[in-house]
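Order as written gives the chain letters A, B, C, D, E and F; numbering starts at 1 within each chain.
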Amino acid sequence: MLEFLNRFIEQLQKPVLAFLIAGMLISAFNSKFRIPEAIYQFAVFMLLMKIGLKGGIAIREANIFEIFLPALFCVLIGIGIVLLGAVTLAKLPGIKKDDAFATCGLFGAVSGSTLAVAMLTMEEKDIFFEGWVPALYPFMDIPALITAIILANIYLAKQKYSKKADVSIADIIKDCLKGGALTTLLIGVALGIFTKPESVYENFFDPLFSGFLSILMLTLGIEAYKRLAELKKVAGWYVAYAFSAPLVHGLIGFGLGYIAHWLVELSPGGVIMMAVIAASNSDISGPPTIRAGIPSANPSAYIGTSTGIGTIVVIALYLPVFFALGEVIFDL
Amino acid sequence: MKFYKIKKLTVITEAAILDNVLELATELGADSYTIDRVSGKGEKGVRFGMDSDISGMLTNVRIEIITHEELAKKIAVEVEANFFQNYAGIVYLQDVEVIQARKFNIKE
Amino acid sequence: MKFYKIKKLTVITEAAILDNVLELATELGADSYTIDRVSGKGEKGVRFGMDSDISGMLTNVRIEIITHEELAKKIAVEVEANFFQNYAGIVYLQDVEVIQARKFNIKE
Amino acid sequence: MKFYKIKKLTVITEAAILDNVLELATELGADSYTIDRVSGKGEKGVRFGMDSDISGMLTNVRIEIITHEELAKKIAVEVEANFFQNYAGIVYLQDVEVIQARKFNIKE
Amino acid sequence: MLEFLNRFIEQLQKPVLAFLIAGMLISAFNSKFRIPEAIYQFAVFMLLMKIGLKGGIAIREANIFEIFLPALFCVLIGIGIVLLGAVTLAKLPGIKKDDAFATCGLFGAVSGSTLAVAMLTMEEKDIFFEGWVPALYPFMDIPALITAIILANIYLAKQKYSKKADVSIADIIKDCLKGGALTTLLIGVALGIFTKPESVYENFFDPLFSGFLSILMLTLGIEAYKRLAELKKVAGWYVAYAFSAPLVHGLIGFGLGYIAHWLVELSPGGVIMMAVIAASNSDISGPPTIRAGIPSANPSAYIGTSTGIGTIVVIALYLPVFFALGEVIFDL
Amino acid sequence: MLEFLNRFIEQLQKPVLAFLIAGMLISAFNSKFRIPEAIYQFAVFMLLMKIGLKGGIAIREANIFEIFLPALFCVLIGIGIVLLGAVTLAKLPGIKKDDAFATCGLFGAVSGSTLAVAMLTMEEKDIFFEGWVPALYPFMDIPALITAIILANIYLAKQKYSKKADVSIADIIKDCLKGGALTTLLIGVALGIFTKPESVYENFFDPLFSGFLSILMLTLGIEAYKRLAELKKVAGWYVAYAFSAPLVHGLIGFGLGYIAHWLVELSPGGVIMMAVIAASNSDISGPPTIRAGIPSANPSAYIGTSTGIGTIVVIALYLPVFFALGEVIFDL
């Protein structure tokens, strides 16, 4: 337990987290400092490209069977998180059902930047993980968003006076894949599988990774603080959800990852990564899909909960927890 | 040279629904338009545009369509009815005078 | 659907005083607006906006406020009086027609 | 304070000829203007502005010139005649009311 | 011949080409992914600066005489390509003469990104080339654009009712040099000749080169696909030209390069580079000059042909051909 | 003396200076070349972050006492420069008092890019300096701006018909710190002190430093040339001030630095750096503060003098002087 605490504190001193906090302070003190839009879009591109390329290169050398089970688990977790939210958050007093479904959708979906922080931490700590695990991201992201949109539309269809929006699963999937984030990831994966991008990966995407991650953390911090303010307008239950849900989701991810460890020899690093994917919540790619799919839901509620609290909480609190857990359990 | 009176319709709304608004306008019969990104504040809060808006959810677009009064009004009404329940947005009309009669389908 | 006549006030001025102009407008009673960055040329020289303006001193902003004639005129006069001695800027009014009566505080 | 009626001329055209249009307007007597970059669609196709336009050939600019009716109309006619055979573009006039009489050469 | 084919196929697997294809797919699937404008402008800057600096440093150490002949050949090729087009493409049925001249002008002009791909390939394959060869770029680019504009204006002046535009060669040259691309290249060359930029070259422009080239390839791919659509509106002959002309031009370049190899000992790498300069067609800097110089020409025709097909065809098909040819002929 | 001249000339050949001159030429020849806004903003961020991080890391290991005296000297120099200007420039015929105060404020304030050039030069020459010295920047910057604004407002308050603006020192300080430049520097310092950013510093901010500095120099050159034109509209005394004042200020900085060398063992590199901080004039962060604080002053006068001449003169002329002086005095 002391061991666990030590590792936890050590994690808190990482510069990545410090950049996140710095971003929040910048915003709190109302500074005019901003990372130009083109630069953080580029930072997002660099991170997702690195995740994708590394994933693709790893898939090229992996056998499909070992990937299949974790991928399936991701789909199940994505759907499960939203259903879990539907019977908890959505049932709470004063919570609009469509707002709740939208929020759960984002928490089932995945944050590329959170994965990037986890990857950097693994690389620094020299913990091996299968490069393709972070690239499983869409397998959890898309099912979660679809489930949320379907639940919301079933609910709204039952309401009086509401026009039934026609929800086509194919359309939602297309919409997700066409978004900038997933497109970048998929390009990376495809290039990793079908070409030999090792040299550009090693000379460009990999060495610049930690720098651009810091820059994205600054931006996320600024954004998070701004979104916090909006949360005040909505029910306090969202705050409770943002703090508790990621831990539950992460533990589910850890548990299923552990099963994969036994069944298909998923590495300890891979198990921790499963926990992180499950715990993380979408901050960049998810919101527009939800906005389009559940237009009646209040963005202040779901973006405030997800970008304003969820991302920060996962990176600052639960990432250290899952690493500490993995290190203790697997004796790393 | 003659100047013809015609209308300019402006829609300011969330960038997220730009494609949907354009689709609606096109269906109703407008096939030319000008677009730019703007920031703003309204009932639905501050929408600060390009300024660290990582999910692109707070960006506004301004769509301008120069066309005949009737069509301009029809698009205005339909856009308002279809989108502004759920999305931030305003719509307004202005008088303009043009000279390119053919381009704006004006009978000379 | 009915269209209501109302005014649009436009202020084009130095980005440096954007916050001050908005503060003044808000104090006078305008709480909604649309903003974008523009370049321009006027009495106070060329203000080329985003194009290599390292200290950000040459960027213009355009602020548009749709509101009732009386308030629009009051803001126009006050902005002119308070800022345009020292800062580059122009201000003008235009007629617009809107349908969202409630949003623009129009008694139907 | 008095508000004076005057005109605003808007030209939307290809960024490639921005300098030429401004030169023409200056020659005709307009020495102040406001510019921004816009996207759009018209007869000459979709012009998507800043969005991955590597040779910068698809960017539009919007030029606004506030001036007296006569000059505004003259510039409108000349711009149309000189450029819009070969280049994408529209031009239109609007009424505006200003207070800075001296700036816009209005005799009080 | 088998040797030739092998080398050709190997070339096709390079990641640079894969990024180009990825860009086309992104556009084909209508994804919202975009490289921010500021970033690809910066990518262009990085590539041209590297070409310029390397050229300048090489010129500093070269003797003027060995440069003179290849430079002269470049001028001849630039003019020759347009004249060749004037008696082929421009004579075809259904082809507007001014559109044809505009198109040939772009194919006589040069693409910085194509040169960058060739340079990267040489560096990867360890083929030596004189650093100043790619910097000869303006010697082909400007004469080609001037010739095209003059031909078009002579033609238009003969038409009834057309106002004779006054074409000043000095103005066209000034216009070319004032464009962002050639300015960047020339700054680079000047800095290379007159200062000692080796450290910033080695620590910044050179190591980031391959990364930014990938990014530019993505953008070129996206752009190319969009421009393809426009081509449908114009005559099919443009497609034929885009496929055949670069091969012919490249072989002319190779031939004259080979003569320079005998006369002034231009290296094998330099000969291949001459072929690439000649084969490449302008995608970034040329179009605005043509638009201004031949305003009546239809941009869909010449940009579609050049950016939509030409660039892709040269990078994907003919670069491997010229490399294979060089390797076989010079026994590299 | 010959020694001094030699070192001076050597300095002139540095590529950083060449980029500055290239920028001026680009602007002089009216080229359309531009560094995108997002990129130079990012370049500024990279430089200030490097200065800040290096400063923070150094402060972490320094003792407060050795920092205190140089920091105090910085405050004194900042105030002193403005007072000096008030009894010289402001007394000259044809000079508007508020324009003069505004100009002196900028010359008392500091330029991050000039510091960056000095740091790069030190690193190239292997001259040791305490990493926290450049981070003293705000200690001179803020007092200078405050003094200028106060003097101007006292003067304007005495004028007839002028409304007394209320000048709150706290507000000016807040305004300075909220600006993008100082915020970046302070984040860097804080991260350097409280976290362990060594790895991201060494892998990202440090290696990219010289490249982004070149890019900023290009931009500064373009900007300077444009601003020069505006200077023609104002009195010639400004030009004289821009040439002479930085030398005087730098020598004051050198002198006080030398005292710190004896009293608290400030290194020779630190002494040179004190001279550079004092000599440098604000080009990015100062102007907006002055514009807000002395609205009646004519920006053409103070920006023309500072960005148009001052920065160029300091980097091109006086930096070599201070280095040569330091090298001769300290026998480096």
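Quick note on the criterion: a contact is a pair of C-beta atoms (placed from the backbone, for glycine too) under 8 Å apart; a residue touches a chain by one contact, two chains touch by 3 or more.
Everything quoted here is computed from the prediction, not taken from an experiment.
Engineer: Determine the shortest chain-contact distance, in steps, between chain B and chain F.
Structural biologist: Minimum step count, chain B to chain F: 2.
Engineer: Both chain A and chain B are touched by which chains?
Structural biologist: none
Engineer: Considering only mean CA positions as chain centres, point out the chain farthest from chain D.
Structural biologist: The chain farthest from chain D, judged by C-alpha centres, is A.
Engineer: Find the chain most remote from chain C, comparing centres computed as mean CA coordinates.
Structural biologist: Looking at centroid distances, E is the chain farthest away.
Engineer: What is the distance in Å between the mean C-alpha positions of chain A and chain D?
Structural biologist: 47
Engineer: Could you grab the centroid distance between chain B and chain C? Build each centroid from C-alpha atoms only and quote it in angstrom.
Structural biologist: 19
Engineer: Find the geometric centre of each of chain E and chain F from their Cα atoms only, then give the gap between the two centres in Å, rounded to an integer.
Structural biologist: 42
Engineer: For chain F, what residues touch not just one other chain but two or more?
Structural biologist: Expected reply: 34-39, 208.
Engineer: Quick one: which residues in chain D touch 2 or more of the other chains?
Structural biologist: Those would be 36, 94-95.
Engineer: Between which chains is there touch?
Structural biologist: A-B, A-E, A-F, B-C, B-D, C-D, C-F, D-E, E-F
Engineer: Can you tell me which positions in chain A touch chain E when the two form their complex?
Structural biologist: 36-39, 41-42, 45, 177-180, 183-184, 187, 190-191, 194-197, 199-200, 203-205, 208
Engineer: In the complex, go through chain C and note every residue touching chain F.
Structural biologist: Going by the criterion above, the answer is residues 14, 16-17, 45, 50-57, 85-87.
Engineer: Within their complex, state which residues of chain D touch chain C.
Structural biologist: 1, 3, 8, 31-36, 66, 94-100, 103
Engineer: For a test of understanding, state which residues of chain A touch chain F in their complex under the given definition.
Structural biologist: By the definition above, chain A touches chain F via 13-15, 18-19, 22, 25-26, 29-39, 124, 207-208, 210-212, 214, 218.
Engineer: Okay, in this complex, where on chain A does chain B touch?
Structural biologist: Chain A residues touching chain B: 34-35, 37, 40, 44, 219-220, 222-223, 230, 283-288, 291-292, 295-296, 299-300, 303, 307.
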